[in-house]
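Once you scroll down, you'll see the structures, which are given as structure tokens.
Shared between the two complexes below is chain A, which pairs with chain B and chain C, respectively.
Here is the complex of A and B:
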């Protein structure tokens, strides 16, 4: 069979399928480098996020192959040959699966090279995500092949691809355990692990679906499909019966690794490759707060989770600034600016206020915006991204120079040094407490 | 090659497509040799070919091919291994080369793996396509495609070879070569050739069966068919025999 499969790999739809999957995978990966740069678990997770597009493509490629016999009027001739239909179907499935999986792995392999060059953590069983993704792609080709065989029209492939995308979207973004029936992840869980049993259940679910699809069309009898169908039912039941959130923190990946002083910079082991760059940026930027009592002396560089650095440490999300090589760029998309983030990041949370009084909110925001300009240097960026206590990253606009803020900052800068430092140290206390009244009183001192 | 005295044995064969009866109580026994199958459009030639090729199941009657009952599933695989078939509408994968396409069918017909390369070369050579073996099928003319179809049909050295309109699209020289190939193949195998071209039958076939409305209305040698030509139309004795027999069948 190998020789026949090789012929079909060259002559059939496999090269086109490989090219499309390679192109789509690679295009998304290179436009979202910050999502995977330097981290194996992030790369594997992002490849699984891409399944939302790749699985429908695999379905469509399989359906096109399945309808080939009818389109080429070969059905009658093939029906007279002695080889059992399941072997012929397997030989039709293998080239397309090879193309789709080959394109996927090639794109993943290319971006894996820069990851391998800088990665500081390779544990956590991240490769299971890739293996299960490959099985899911193979199963999607098989399902498409079966559907294309039964419905051998030219429109079957595009319609099936579209329908697959819609169904995948509905399952992937369900807010319950049904999400595990989908090969696509709705979000990458960095430095997290999925229990082995869930990987195995997913692998069994996808493989059994593919085998069932092939068995249904490979034989006029229905019983050969019963065994894989039963496996699919059992695996599916296992997947939907568990909790929706099954990710477990990978303690080894999140273990803090620190370097340097003034400031001391830290990151989870998996993100430790940014420490040198981060040290350089933080050291340069945070001199603006030199001498102020209460400014955190430890700053964590984080991506998607909050490492255990202690309450006194500040954290700054570096994900927007990650380049494909695992270095940090000074600016990120949406006009993000690392210096702005660092300067806000070490001060009390500007967005801590969750009340409904606009005057109180304004006091909290204005005090923070004055404090960040306390020595007269303005900010580069118009937006800032901050990490919430639960590890979520939020983007905020409107931190650019406001005339009223600029005037207050100028008055602060004009104060004698002792008064300025005193104002800032009182701000740090009031800001940490997120006390609008105390912050408004501080602003009143400048009005 | 297995020695079989009667390659095809059809008894009281009835095939229906919904309300239309395509074959109506046909009896036919064929051994080794080249057999011609003649008849007007709708006479049942292609239906008979498809039944013998194990594609269509009869409504009733018995069909034995190479000692295997092809109306059931039990021996179908063994029979198909020894079968060659060129359908009237020959489909193909256009991006495959001739060699790849024939090799694909060698695999489908379960030719032993170590014999495939030689079997493919031999089939392509016998079909007269050796110089185009590495050409993609989409680049071949209609006649050459037909020869590629013949090559896939004979790649397994079949004991029963069913050729439905095999000379369609072949030029006169190719048809002469093809007839010679038929004679060689018919030494050991049963070759059934369905055609509208009575001169092909006259030149290459040992005997001829003429179908009309699903029944055999003539069975004999081409010379015997030609001898029935009194009152028929046509440019050659066998054409006159053909039209005379048909005319008699219609008026019966």
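Here is the complex of A and C:
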């Protein structure tokens, strides 16, 4: 059978499937380099996010292979051979699975090279994410092959592929533990780990689905499918019975690695490879606030989580600025700028206000926008990335667009030095307290 | 001659399939836009991206007959026939889908559905001319999935030339990309027809 598989790997649809999976995987990886650059667990997690596209393609490839006997009108000829059905089916599955998994691993392997060159943390059992992803792809090919064998029509493969997109997409809308039945992660948590039991349950779930699909069409009897079907039911029950959020903080990945003074610059161990770059940017940028009492003296570079740096430290997400080589680029997606992020990041949270009064919200935002321009230097970018209290990153635009803010900042700059420093120090206190009345009073001093 | 030509290319079945696709697109868009945790009409990009692909894949079935080489040996104006075939197929598919998106048409509704149908038909006809009608579905399905995942979120107009499946109607680049794909497909298919393959599909 090995010879048959080898021939099919070279001449069947396996090369085309490999090429498409390789191309899609690689294309998505290179367009979102900041999502995985320099971090093993982020790369593995992003490869699992990619499953939302790859699993439907694997289903379609399997279905196309399953309909081959009918397309080539080989059914009667093959029925005259002595090869048992399960061997024929396995010989049809193996080449496509090899192609799909090969394309996936080759694309992942290529981008793993720059990660390997700079990664500063390799723990967290990230390889489990890849292993389970490979099993899911093999299972998808098997399921597609079974469906394509039962429904050997021309449109089976494309409709199955599109249905796969719809189902995989619909699962991401689930707000409960059913999301763990899908091989595609909605969002891979940074510097976090999944418990081993969840990896094992997912591996069992996907492998059992694939084995069930093959057993159903490979055997004239139904009982051989019962064992893998039972395993699938048990594994599926285990997966849906747990909580929706299963990521655990990876304390070792988040452990701060620090350098320098004034400001002291830190990064989580997982992103410590940017420490030198970040120190250069932070040291240069934060001179804007030199001499102001109360400005944080520690600035942390993270991706998308709150590090263990203490409440007084400022935190900036460097993820939007990560290049594929693991260096920092000054300008990121949406034309955001690291300098702008840093200048907002060390000030009190511009989005702290959670009330309903639009005037109070405006006072909080305006005060922050004035303070960030306190010494007259304008912002580089029109867009800033900020991190909220739970570690999520969001971006906002138009930070340099409001002429009213510019006029207030100009009046602040025109104050004598002592008054300007005093205004900023009172702003830091009021901003930390997120006190709209106090912030509005500060703005009144400038109106 | 027209009736046998259409029947030989499964056009009646494909037309019925287009009605089903339009109904599914309408139902999916309704479901998405009525979710309280989503953003109304703005929640419809998955429909605007995928429904045109399904419609184009359906129409691709009609782009080749049972025996392309035998057909070409007949004295018929095949270039004009192919041209008309693609134009009519695209117009009917785009109109069928656009009708499902008349509510808020410029927010991932009728405009995007029509534009993406034109683009998807372009990709499908290019693939038909280069690889045969039986395999024409693969590039457009793979491309749309990859573009949907890789497109910057929120979408930015600067990437419209390749993120057209998820671009709003207000992005001129997406319309130009759709027009380019369609023009390429029209020229290649009208000139060469479907590439004959060994597969015998039905």
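Here is the rule we go by: the second predicted complex is superposed on the first by the 444 of 447 C-alpha atoms of A that agree within 3 Å, B and C clash if a C-alpha of one lies under 4 Å from a C-alpha of the other, contacts with A are read in each partner's own complex, and residues count from 1 in each chain.
In this section, a contact is a pair of C-beta atoms (placed from the backbone, for glycine too) under 8 Å apart; a residue touches a chain by one contact, two chains touch by 3 or more.
Please read all numbers here as calculations on a predicted model, not as lab measurements.
With chain A as the common reference, the superposed partners chain B and chain C fit together side by side.
With chain A as vertex, the superposed Cα centres of chain B and chain C define an angle of 50 degrees, given in steps of 10.
Judged by the touch definition given at the top, the superposed model places A:154 against chain C, while chain B stays out of reach. After overlaying the two complexes on the shared chain, residue contacts for A:76 are found with chain B alone; chain C is out of touch. In the superposition on chain A, contact of A:88 is made with chain B only, not with chain C. Of the two partners chain B and chain C, it is C that touches the larger number of chain A residues. In the superposition on chain A, A:12 makes contact with chain B only, while chain C stays out of contact range. Look at A:4: by the touch rule set out above, it reaches chain B but stays clear of chain C.
Within the superposed three-chain model, A:296 lies out of touch with both chain B and chain C [touch as defined at top]. Contacts of A:103 after superposition: neither chain B nor chain C is touched. Minimum C-alpha separation, chain B to chain C, in the superposed model: 6 Å. Residues 72-73 of chain A lie at the contact with chain B in one complex and at the contact with chain C in the other.
Partner chain C is touched in their complex by these residues of chain A: 16, 20, 23-24, 27-28, 31-32, 49-50, 52-53, 56-57, 60, 71-73, 153-155, 157-159, 161-162, 165-166, 169, 173, 333-334. Interface residues of chain C, counted against chain A in their complex, comprise 28, 35, 46, 50, 53-54, 57-58, 61, 134-135, 137-139, 141-142, 145-146, 148-150, 152, 156, 198-202.
Interface residues of chain B facing chain A in the complex, by the touch rule stated above, are 50, 53-55, 77-81, 83, 85, 87, 89-96, 100, 103-105, 107-110, 116, 152. On the side of chain A, the complex with chain B involves touching residues 1, 3-4, 7, 11-12, 68-69, 72-84, 88, 91.
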